[in-house]
């Protein structure tokens, strides 16, 4: 039996304690152990961005971290974006408004990337948005609607 | 992938020949070689760890020597496979006297397949040349030590 | 694509980390940002027996202005180099090149030292540190040593670091006045590894001649390369279109590229000339010299 | 827009009903599905492109703790039958290699373990001895004598060959002033790489001999009987379930079916439910891809630029096994082989060829990007050789508007369209004369600036019969031959006893917003808001109504499924009116259904709420008009009378509706590096009535970027030794937000006379035009013949050198 490590962390504001094998990827831990299936795996080598979450406030690839590394960290996944059930965060609203998603598989990673981008740069130019989300691959939208969504969210958040 | 080149040893031909064909020497000099055992005349089974830095794969395979014309030329075929794919090759080696020693000329056709062929393409040729260089240098050391 | 099993250690101090390496030697592999190592592990191209997670060594993450130089802790996240005012001021080439590395979530996690120790010859940092003549500090249990960038990169993914050593810090000298720097690369997409990349550090004397020149290439050899012969062409000369073009042609001959899917050796060589010229042009432009 | 009496929600930018769950991470994708005692599979794949399997030894793997079992080639050969294929050659295609491997990545064994991690550990321990064989990767070369043979039982690498002749091709070429030849064109192998890969769970209930397979398959459901036969199961002992959400396909997931069989076999042999989630490396290696094609085209032109006839010789590379629906890449555009042009004489020498590459199949635009790359290169070469502007040459050859509906020489019936208007619109939006002027200025300054113009017919709703064009008409004439035709789709609309409306779709959408558009259509017919309609988007072959054509592919939703739902909802509306009319003592036709009520036209107070009307139908059947069935639901199956099987001359209306695309693209090429930059991209579509312009725009953007990806970045590249070189997203280059151009999009609306709402499909959209458009633009910039893709910098740089050398 492989050695297991105890980890305690905060996920979407809630404390979590678990035991993990060292090699378990953080993305798998989030999906399988925590049941937060909004985080998706689509390349497992850090290129596509579908598994992007916030780790201590920074957008990172959860497929390139081992769960054991998240000990003591604060994570936020797409499930943590929504203030309360049945509502949408302005970022999510903007994606709906501007048709920033089609199949929705890349969407959680795009949202978390955009969330971090807007926190660091609340009023990004189009070029900054493109560079900011370039690490999130989407095969449905051609990105235009995603760019509009992020811009729309920046406007909405700026008005708040 | 074709690899060719020459390497000069400051040692007489017979000695170089002997070293190149000695399984004990080969076991010590083949880069990454964990194990080399004779399984027949001119035929060996080998376990070799191949790669650079953290990128390494273990290959299990066979080395076969053929068309031996001591101390002038022989052919060597190798095939190995492991988690990251497979390596197959055919090499011909030729030994010639040069002033002060022996020149070994080699020409090898190497086929690499599977994961390493797909992910490591950019580095394959370079790594293969590096390993050959390492091999010959170690052989030279062996010959030197024996002298 | 799940990694093979490994033993995991997260040392709390550098000394502890070095001790672990001393015990495990070649079997151990240091994990910093993980943006290169973990993909290799997920592909099972890399199967270290022991993973030594350096991320608890917070005191290896810093950017410090020193007298005549700037020191960067190996565990400094790339994102920090992108935004640090000290870097912007004292090593602007590092600030310039950082946004070219991957994408924000990669740089949020990826570390400066990790990229250098991984030593992918197509990566940007190794070439830049070479051009900046950085000095690498390598620690091992009980001692440490300094390795000039020039000697640090040995071959593909291989550095002068011994299995028992950890890269702890890189120091780059502050450049003399009237120095212009630039990095320009050819990639197929934004954020990709370079097909060819060139870093240039150019200093002009009062007469407008090139008094100091460092030119480093990435993507065109088993390591990042200093284009010394091209530097020699430029050294002491007044910059001109013809001179820069000549330097590019010479740099092309210094390149030692291999083929891959994105560019043949021949193309990479030819692009070395183009990008050496473009990089020099940009560095000079920053000194107010228009060719 | 069309159907003025019912426009309602049609044509509105209705926000998607799917979005809230997807935006909050609450979608249900394949990997989110789980079962009790679920085990996980890893697949061991061939590192060889072509080799005999001498020995497979899994003993060491089976000793690893946590391993539940393995499925080996012998098991597969014993437990299953080869899949049926779309040609008459005796190819033995199983879900794993049997005897031989024929491409890198071909499954060899399946390991089932407690976790994917453990399964991968064990897969590494399976020892397979291979005896390598010579390799061939080029489809033309594979047809030559002495080429390595993949399937000994066929005796040739040609998996399918048809010589199709329409009109009088000899005469066309005799009467031509100029014969224009493309030479050898090579269309590369690429894919749309959906972000979610394949996923399968199989669970076998031995007691009832029932195999249930969850997957993100999306049709056509003809693959269900295909899998059942291969597994030796009666169709009603094989249950397909698809979760609500599917992370993209673009046609790729049609080809998941061999894995449904493979994981099914693993579950049957090992006796536990088995899940397999394809990882990215597996996806790039061995899921499916567009078909790479070598072709030669010749065009017979008059000196005025009128195209009289075309000859095409085609070698489609279907990889190691011709997997259904291949050779469909050759025949899917059979009805629109001539594109939007009026020429009447055509010869198609079609080959589908086995080589040591991975297998192919539908990929957004299927068959069309390959076809139009050839045809549109030919048009541009014709324009250049004849000294006619490329836009002008197209004007001269477009099918005139007044000819609609137009029957093509190959049997296609173009239902509607105003091609000239759409082309003029695209040229005007691009300011074509100004672009040409800019090009003159750029050239004078030594810059490489080029303009590409393309026109194409965008077919939607495949007629299932088209595939049989690949079968010799003599065979099709035999009495025991089952003729194939049609493209049926069934809609189910239910109103429950409380008046709530549910629509059940069987299309298994994967991002196209079918829930929203279905709700728009049903809400329009029933006078409701789209939010009032619950749309069931998951699929269960035991409970949904389906047939062989069911599913989402060939852009069929807005054409056929939309028609079916409009008709089913109208039936519900008619019944509501009948019930309420009976209740109120008025004629049903005097009633209006709107705002959740059924009332007398002009007298809104005289009516009942929908809830009450539904209640009558459910709660009090005896109060219904005499003879009326209780309950309130409708099922409507829509099909097209034009979807006949191919005739003896191989003519077939291969699709049921046909849209049109005109594009004008401008590029600038860096002469020193060969890097191509898109400066302008104008795309004009005629897809009939538009149901949701927001969704339509999204489809065009997505389709265009797939085409652009194939044209500039993406390639499933192989070495000559058959080794696969694009195993990760580091080497398979998917364009990101920094690579994506902004498009100028516009529409011409020519409603289809064949569909209920006048709408056609456009989901494949610019995926079929962008490769040709960019090829033409780069050729125009450089003054060279662009004969292959992708336009990667090195390739373009070599052309620049060639152009400069010869100029």
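Chains here go by letter, A, B, C and D, matching the order in which they are written, and residues are numbered from 1 within each.
Criterion: a contact is a pair of C-beta atoms (placed from the backbone, for glycine too) under 8 Å apart; a residue touches a chain by one contact, two chains touch by 3 or more.
This is a predicted model, so every value here is computed, not measured.
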Dominant chain pairing [most C-beta pairs in contact]:
A-D
Could you put a whole-Å number on the gap between the CA centroids of subunit A and subunit D?
30
Could you tell me the distance, in whole angstrom, between the mean C-alpha positions of subunit A and subunit B?
49
In whole angstrom, how far does the Cα centroid of subunit A sit from the Cα centroid of subunit C?
29
Residue numbers in subunit D touching 2 or more other chains?
117, 124, 279-281, 725-726, 728, 730-731, 736, 738
Subunit C residues counted as touching two or more neighbouring chains:
1-5, 39, 43-44, 190-191, 261
Listed in rising order, subunit B residues that touch 2 or more other chains are 83, 115, 119, 121
Interchain contacts (touch definition) - all pairs
A-C, A-D, B-C, B-D, C-D
Within their complex, state which residues of subunit A touch subunit D.
1, 21, 23-24, 31, 36-45, 47-48, 50, 77-79, 81-82, 88, 92, 95-97, 99, 101-108, 111, 129-131, 133-147
Interface with subunit B, subunit C side, in the complex: residues 29, 37, 40, 43-48, 118-119, 122, 155-158, 222, 258-261
As the complex stands, subunit D meets subunit C at residues 116-117, 120-121, 124, 279-281, 672-673, 675, 713, 715, 717, 725-726, 728, 730-731, 733, 735-736, 738-739, 792-794, 797
Residue numbers on subunit B that touch subunit D, as the complex places them:
81, 83, 85-86, 88, 111-115, 117-119, 121
What residues of subunit D sit close enough to touch subunit A in their complex?
15-16, 18-20, 22-27, 29, 31-32, 65, 117, 192-197, 245-248, 250, 279-280, 510-513, 694-695, 697-698, 700-706, 728-730, 734, 736-738, 740, 742-743
